[in-house]
Amino acid sequence: MTADVFLFWFLALITVISGLAVVLMANPIYSALCLAMTMISVAAIFVTLQAYFLAGVQIIVYAGAVMVLFVMVLMLFDLKHELQAFTRGRATGALKIASVGILSGLIVGAVTIGLTIAGRSSDEVISAAAAGGVVDTTRGLSEALFLKNIFGFEALGVLLLVIAVGTVALSRSKGGTHARD
Amino acid sequence: MTSMGNTTFEIVINTIKLLAVFLLMVQAVPILVWLERRGSAFIQNRFGPNRVGPLGLVQLLADAVKFLTKEDFAPEKGNRIMFYMAPVFALIPAAVAYAAIPMSVPLKVGDYTFLIQGYEINVGIVFILGISSLAAYTILMAGWGSGSKFSLMGALRASAQIISYELALGLSIVGIILLYGTFNLTEMIHAQQGIYHFSAFGYTVAASWLPNWGIFYQPLGMILFFSATFAESNRLPFDLAEGEAELVAGFHTEYGGFKMLMFFIGEYGHMMIASGLMATFFFGGYSIWNFTPQEVYNWCYGLVGSEQIANVMNVVLHFLSYNIKFAIFLWIFIHVRWTLPRFRYDQLMDLGWKTMLPWALGNTIVTAIVIFVTSYFVIS
Amino acid sequence: MPETNMITTIGAEHYLVLSAILFSIGMAGVLLRRNLIVLLMSIELMLNAVNISFVTFSYYSGKVEGQIMVFFVMTIAAAEAAVGLALAVSIFKRFKEVNIRFFEHLKG
Amino acid sequence: MPIGGVIFITLFIAAFGTSLIYLARWTGGKAKKTSQAKFDVYECGLPVEEKKDTKISVKFYLTAILFILFDIEIIFMYPWAVNFRHFLATGSGLLVFGSMMVFLLIFIFGLWWEIKSKALEWD
Amino acid sequence: MNQQALIAILLLSPLIGFFLNGVRFRSTNYVLAGSIATIAVLISFICSVLLFLNLVDLPPEARRITANFFEWIAVDKFKINAGFAVDQISSIMILIITGVGALIHLFSIGYMHHDKGVTKYFAYLNLFIFNMLILVLGDSLLTMFVGWEGVGLCSYLLIGFWFNDSAKAAAGMKAFITNRIGDAAFIIGMFILFMTFGTLNMHELNMLAPTIAESSWLGAVTLGTMMLFIGATGKSAQIPLYVWLPDAMAGPTPVSALIHAATMVTAGIYMIVRLNGLFIVAPNTMMVIAIVGAATAVMAATIGLTQFDIKKVLAYSTVSQLGYMFLAVGVGAFGAGMFHLMTHAFFKALMFLGSGSVIHAMHEEQDIRKMGGLRKYLPITHATFFLGWLAIIGMPPFAGFFSKDEILWKAFSSSQGHILLWAAGVLGAVLTAFYMTRLMALTFWGKSRVDKSVHPHESPWLMTVPLIVLAILSVVGGWVGIPHVISEQIGHIPNFWEHWLEPVIRKLPTVVEGAHHDETMLEWSLMGISVGLAAISALTAYIMYTKKEGASDKVAKAFGPVYQLVNKKYLVDEAYSAGIINPLIEGSKNLWYYVDVNVIDKATYKVTDLVRGGGSFVKSLQTGNMQQYAMYIGIGVVVALSFVLMR
């Protein structure tokens, strides 16, 4: 077992465990911290896939910004008495679990079947990747981003602007009947 | 290859090196604490610690003993897990990020080349920014885990401050990235070696009496970056998180003993990262004034006449050069702390959002325009 | 191929299965949790799972487009988190709790 | 990228920190409960008050949201900045420069709006 | 400097100006707004000049600078780049647009300074310049169409600039809707051409056109070009879609000068010239174009004879002159069409600005019956207007003479030409001379009929400087295209114009037979006839309107019903109302009353009941529980995935 393989299993384990913890932890703050952990290990997985810059962005944006926001809001709310983590519905629970089960089964099935039916053995793909190689991902990334996807890029700029304006407006709203504070 | 080397020897050396970088950081903290206390005393016309040992140097050991013998305390109302985890996590971002800063030219021993840094990362800037942005968690965990209002307030303030200044920090180095076209710190240092020279409109301008350092291209960027790092490491004049008059001691109100010390290590670690990055981005990193490493090596070789020794000497000289710059910035951190008064919180936020961010933006735009104009229009 | 291949040789399918598992976990979180903010976090989890598969495809096909997609997904995810949390704060201001059930008031 | 090293040092520090805490606990001992006040959180000597809803300004979370949005815009500038000279050299400099300037215009407009609408005002 | 960069700056400068003025559109600081807009256009003008000089440096066959900024649309084979091309034709156009545009911007600062919406006005003007440049530079029909629509929008915005006046707002809408009809045809034309050639790139279309053999008298190319021409009649105000242009005079006068005289309305001619390689293989279309052009030229000129609104006269004159240009391109004289386009841009912009100056001086009075004798109050305006008048009636050696003469000669001699077309052209010239002289006489000469309360005054320098520059251009503008017969007499001045356009213009053979000498004689005599008749006509008008009081009324009485008909603009608007618009409205009313209420509504009520019944069932699924919704999505994904997998 080489270091790479060990690394993958290690990271996959951390990712899955902390991902499970997000869903299972009763206290939302623990969930948030576990999610941050997941984000970081996903970033590490990106590194094993040679997406270095994306890994950095993943950490900066997700772990360093989005999750900080989550944690901050949760601390703002100070929900100490979270007695019940899961919803209780009229007989919907079983169906939900069933659908999750089927869904996960199907996704796993789709991936494995898709890969085997296509007749593409993984070695072949790996060699192709090694030969073609994502040599300088950041350069390729910026070429694709700024030459091919300019409109998407500018549209995202506008989206962010709209969100910024919208959240400010939303935070100004007094929440219906809530008295002004 | 994901890890540290190809042979067992290399892996072992690299592991030891990593530990050494970490220990270097940890052992620097007592010295800095001593320096800070003595320095502040001199600035404020006091004596400072001067009883234990010569110049009070052994004070550190006394402190350590005190830390060790304090009883371990956690408030009942708080969240114990968070309360204990926070100081441990305070250490991680600082050390992980610091290990990515190159401290000297690579050392060649036989067939092996050892970098004088924890590890080389090809997206170094992004990595360091990302890792150090994780520091906000530590603070939030500490504040929330203490279960105290002061702690929570302090934590929220501190994290809001950190993220606010992270914008200015991130934007102030876009100019530098534009200039050098790389995320890699080593390449960035390479670009700053030698004499001052740049090309514009197809001509090359050079000045042999100046080094090719970033500060001469990005003075505004340097000021913004340095100020933002003050806020990032929660140092005065930006230490609103622990404004004594308002919040007792901020997020570490409830901490004491070793846990407190670990927060200190984290804070000083951030200072060190900031100083190291300052040196790397704007002052040529480990490079020596306007000499390239090759010139320094040749000089060493001429002096001793042995390749091996010249190599080592070269590494040592550059390491010294780096550390001199490093120490100067650390001293500026300390000096500023004892010289400037604290901001009010609204002033702090105003400074971050309404002053530094627009200026950093302007700096970026101007840099981009200058680079664009000078290289797009070639006067032949 | 020997039996141990699955464990010692890491290929695209490993990453994809990991992504699928993570996605399912996120989906379960969306379906089962009652705290709105945890729900949002579960959505982030699902988006991360998708990102893993995008990067995987990008790596194994040698094309950078997948990474662009991840970049966009991250932006959208952050925007979504911002708006979602703003909504959560609005709800919290009114009900002092962030149960997903409060959204039932919105039905027509 | 030596991710192995990063993980190693992370785990090492975690272990190091934890052991330090245990060491201190061993040498210093667990705190003895001599009175309830000792274990209360610090509130300047007054009895601990527990209010149901602690009023914390919503500004904090608003700041965090705005930080995210601007942070992403800055992140978008990184790949642009690092390859700007490359683009200039390959002849697509004008397009890339122009598109980023438009993006920055949007950025500046957003910042200007936030400042003008007093969303960044702390009192 | 990089040529692509020049094109980018050329295009972006007005756009930036638009944004700078657009974001602060409530401001009334006319100096700032005007300077921003004018400087933006001036920068564009400088870029145009530099590009032109770059073109001159290139060898004649290679005079084409292209800039593909990015791939705009890529759907299978349908690939459109955001590509722009500067060649011999478009370089002339950008010079006219930005040059005349800059002058008119300058004029506008003086003209609009009292207006509340001055910043908005300049923003619109800059947007117009930007769109016009897109139209002119776009190297595919679709890119051109973007500008085509953009200028339509700006035209609408500027005609209805004073939208508080409902008549003016209605004029804007009329222009927009009339253009819409043409645009629809333009789009259909693009479809046809894309189906036929598989490309919309105009350069490629010109190259590919000769390879397509037209099978019948109405083949794909003929149909496509015909559709494009209908689009052009909308934009360039030709029969039958000219009705919007006179009404468009509701906008500010500089706008009329820039958009409705110099630039936008010439877009149709420009488009045809740009696609000359395509149009030339469709002789039927060419014939239609020539006939429509000649008819418009004469008809609009006759209406111009009877109008009393100074701007309306100029508007009909514009329609008439555009008819000339279409006549020119219709007989295959693309170069002459472009030539007249340019000279017309100079003198008509001059006259419009002059009329603006007059209106400004008369405090918004536009009726020429209430003017007269303004020469002594407005010396500069009069002098420049006088030069413009000489140019438009085609007196040598002013600009209009050369271009008009060239058109008439080509109408006579080209293989597509006909003596009737020539005759119509001459008739148009004669009428033009008459009504323009009438306009001059009633406005500037003779006795003053100015109201006592009005004190005319000369305009500020901001307004007179553009007038002077345009007057100079109106005089010398024609000298770049002196015909051979004249240049032979005065020392072989080369015909720069023909020389410049030669590589991109396909020529039709001249059919006049006989020796070179005969041809020269013929040309001289035709020239003499047209100039002579125009001079006589102008003289008649001069005498009629200044020396003999009441002579005009007598003539009007003598013609009686004809005069009334012409004065009412041949009742075209009324005819459209009665024939198209009212039936539509009435028909719609009937449809609404009988079909809608009784049939459709009843049917929909039944459907509603059904849906309501179904809805109340489905409503039970809508619990408001988001997680249930998410579950439905999940189940949907499962079903879809299993379908994919089982297949």
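First chain written, first letter: the chains are A, B, C, D and E, and each begins at residue 1.
Note that a contact is a pair of C-beta atoms (placed from the backbone, for glycine too) under 8 Å apart; a residue touches a chain by one contact, two chains touch by 3 or more.
Being a predicted model, the structure only gives us computed values, none of them experimental.
A.B. asks: Enter the minimum step count from subunit B to subunit C; a value of 1 means the two chains touch.
C.D. replies: 2
A.B. asks: What is the chain whose Cα centre is as far as it gets from that of subunit D?
C.D. replies: Result for max centroid distance from subunit D is chain E.
A.B. asks: Let me check something: if the centre of a chain is the mean of its CA atoms, which chain is farthest from subunit A?
C.D. replies: Following the centroid criterion, the farthest chain would be E.
A.B. asks: Where are there more C-beta contacts: B-E or A-C?
C.D. replies: Pair with more contacting C-beta pairs, B-E versus A-C: A-C.
A.B. asks: Nearest whole angstrom, what separates the Cα centre of subunit C from the Cα centre of subunit E?
C.D. replies: Between these chains, centre-to-centre, one finds 55 Å.
A.B. asks: Measuring from the mean C-alpha position of subunit A to the mean C-alpha position of subunit D, what distance in angstrom results?
C.D. replies: Subunit A and subunit D have C-alpha centres separated by 18 Å.
A.B. asks: Averaging over Cα atoms per chain, report the distance between subunit A and subunit B in Å.
C.D. replies: Comparing mean C-alpha positions, subunit B is 30 Å from subunit A.
A.B. asks: Distance-wise, how many Å sit between the C-alpha centres of subunit B and subunit D, to the nearest whole number?
C.D. replies: Their C-alpha centroids are separated by 16 Å.
A.B. asks: Would you give the residues of subunit C that are in contact with at least 2 other chains, written as numbers and ranges?
C.D. replies: Correct list: 27, 31-32, 74-75, 78-79, 81-82, 85-86, 89, 100-101.
A.B. asks: Where in subunit A do residues touch at least two different other chains?
C.D. replies: Subunit A, residues with two or more chain partners: 3-4, 7, 47-48, 52-53, 57-58, 60-61, 64-66, 68-69, 72-73, 76, 78, 87, 96, 99-100, 103, 107, 110, 138, 141, 143, 145, 147-148, 150, 156, 160, 163, 167, 171.
A.B. asks: Going through subunit B residue by residue, note those that touch at least 2 other chains and give them in order.
C.D. replies: 2-3, 121-123, 126, 152, 156, 159-160, 163, 166, 170, 183, 376
A.B. asks: Check the chains against each other and report every pair that touches.
C.D. replies: Once each pair is checked, the touching ones are A-B, A-C, A-D, A-E, B-D, B-E, C-D, C-E, D-E.
A.B. asks: In the complex, go through subunit E and note every residue touching subunit D.
C.D. replies: Interface residues on subunit E, with respect to subunit D: 2, 4-5, 8, 12, 69-70.
A.B. asks: In the complex, go through subunit C and note every residue touching subunit E.
C.D. replies: 27, 30-32, 39, 100-101, 103-108
A.B. asks: Using the touch rule from the top, collect the residues of subunit B that touch subunit E in their complex.
C.D. replies: 376-377
A.B. asks: Can you list the subunit D residues touching subunit B in their complex?
C.D. replies: Counting only subunit D, the residues touching subunit B are 1-6, 8-10, 12-14, 16-18, 20-21, 23-25, 27-32, 39-44, 48, 54, 56, 59-60, 63-64, 67, 70-71, 74-75, 77-78, 81-86, 88, 93-94, 97, 100-101, 104, 107-108, 111, 114-115, 120-123.
A.B. asks: Which residues, counting only subunit E, touch subunit A once they are in their complex?
C.D. replies: Going by the criterion above, the answer is residues 70-71, 625, 627-628, 631, 634-635, 637-638, 641-642, 644-645.
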